[in-house]
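Across the two complexes that follow, chain A remains constant while its partner is chain B and subsequently chain C.
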Partner chain A sequence: MTKLAQWLWGLALLGSTWAALTMGPTLGLELPLTCREVLWPLPAYLLVTVGCFALGTVGYRVATFHDCEDAALELQTQIQEARADLARKGLRF
Partner chain B sequence: QATGTDQVVGLVLVAVSLIIFTYYTVWVIILPFIDSQHVIHKYFLPRAYAVAIPLAVGLLLLLFVGVFITFVMVKNKKVAKKAQ
Partner chain C sequence: MASMEMSRSLPRSRRDPEGRTPRQDKFSVLLPTYNERENLPLIVWLLVKSFTESGINYEIIIIDDGSPDGTREVAEQLEKIYGSDKILLRPREKKLGLGTAYIHGMKHATGNYIIIMDADLSHHPKFIPEFIRKQKEGNFDIVSGTRYKGNGGVYGWDLKRKIISRGANFITQILLRPGASDLTGSFRLYRKEVLQKLIEKCVSKGYVFQMEMIVRARQLNYTVGEVPISFVDRVYGESKLGGNEIVSFLKGLLTLFATT
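For the complex of A and B:
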């Protein structure tokens, strides 16, 4: 199962639970008024929470952005190796 | 490396997201459990807006992204034509 399918399944599960609970009163399920008041904006709440998490992640990564010096060094050496290898095989730059 | 401005901007983003999350949680999750005569209800809009505002903001965002993509694509087409 791909990651996308996993997420879609999770969302479908949550959504159907929410729909069942929201439609509950018509099916004979009795919930206190307060619970129902909390219940019906929950999808919007999920959306806002995910949005806040995304914004916070972007902010955190912006604040702690750093150079990857080791990776840069590794890449440079790999470029040198490739150049040497290609030159040995007769490629002129 | 993150400069001072980067750090300030990033921390402001984190702070804004935390503030929005806290306010929205109090509004949606906690407020129904508080007595409707309590003073705290003065600081929150009616409950219908708790869904209407995120929806409106989301739609605006989608619209903005769409307009932006269209704009960029049209511009690219013009550049490609000039190059030919």
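For the complex of A and C:
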């Protein structure tokens, strides 16, 4: 199954469950009013929560993205060393 | 060196035609180049230094795509300095794709492991012994360098670039759940037969090509290990990540999402 198919299956499953529960009265299922009041906007709430989680995660990862200062410095030194050594070995740049 | 003693004690008939004793690994580095006249000698020097210091059997295959800046001449000088058994020149007439450069390079590779990396000094050869260690540790089919985990990181990226990079990686992880933290990285070690198999199956270009390799690898149940690396971006002021690249990345990502 492709990833797209997996996602569609998952969404279809959740979507139909939600639809069935929110259309309770029409299908003969009686849920307490409080339950239904929460259930109905749930997809919107979940979307917002997921959006916030995503932004938060990416924000955190950007903030903690490691800056390799040492690697850059080390490279500079090694470049000097390399040029000198190669010139000694006869390389004409 | 221990390996030399081994080859002396084994009868000639038991050595394979490429000069490897049965237990000795050889690592072929594929370096596709285009206009890398300045960087090529430096990357080769660093590679030779890394391999010699660790006593690793290696060869460097330079695949130049007809660079107009004289990269090929520099490569020829390097071949004279280090020997044509260590530096193999396998140039091409003009700029063709990365995938075909790997195929071309592999035809001439005598190693049983292939290392792919960038020739512009953004990837440092000092990580190669770590890749090899990791490969042995977990008997991995592929070892991928990651900028996003552990000590991994970058140098020379501004905030915008970092945001795009992390954002794109996040979306990729959610959609593809690839089991590897850095999908667009191109500093990797592959078993030769694994790379050959994967290149046959991959159809994308650019960043997406590297992503597709890992995704296909997982499909074929190959194992992927990771080693944190530092990526030193030295191309200042040049916008390597334009709107076009982002669009084609997203298109490629969605294609992989829908087809794998």
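The rule we apply is simple: the second predicted complex is superposed on the first by the 66 of 93 C-alpha atoms of A that agree within 3 Å, B and C clash if a C-alpha of one lies under 4 Å from a C-alpha of the other, contacts with A are read in each partner's own complex, and residues count from 1 in each chain.
Throughout what follows, contacts are C-beta pairs under 8 Å (C-beta built on N, C-alpha and C of every residue); 3 or more make two chains touch, one makes a residue touch a chain.
Model, not experiment: these values are computed from the prediction.
In the superposition on chain A, contact is made by A:Val58 with both chain B and chain C. In the superposition on chain A, A:Thr34 makes contact with chain B only, not with chain C.
In the overlay built on the shared chain, the residue A:Leu4 is in contact with chain C alone; chain B does not reach it. Of the two partner chains placed by superposition, only chain B is touched by A:Ala44; chain C is not. Contact with both chain B and chain C is seen for A:Asp67 once the two complexes are overlaid on the shared chain.
Within the superposed three-chain model, A:Gly90 lies in touch with chain C and out of touch with chain B [touch as defined at top]. Put simply, chain A uses residues 58, 61-62, 65-67 to touch chain B in one complex and chain C in the other. Taken together, the chain C residues at the contact with chain A in this complex read 41-42, 45-46, 74, 77-78, 80-81, 121, 124, 148, 151-157, 159, 162-163, 165-167, 169-170, 174-177, 230-232, 256-260.
Note for the complex: chain A touches chain C at residues 2-4, 54, 57-58, 61-62, 65-69, 71-72, 75, 78-79, 82-83, 85-86, 89-93.
Within the complex formed with chain B, the residues of chain A that make contact are 34, 37-38, 41-42, 44-45, 47-49, 51-53, 55-56, 58-67. Chain contact summary for the complex, chain B toward chain A: residues 1-2, 6-7, 9-18, 20-21, 24-25, 28-29, 32-33, 47, 50-51, 54-55, 58.
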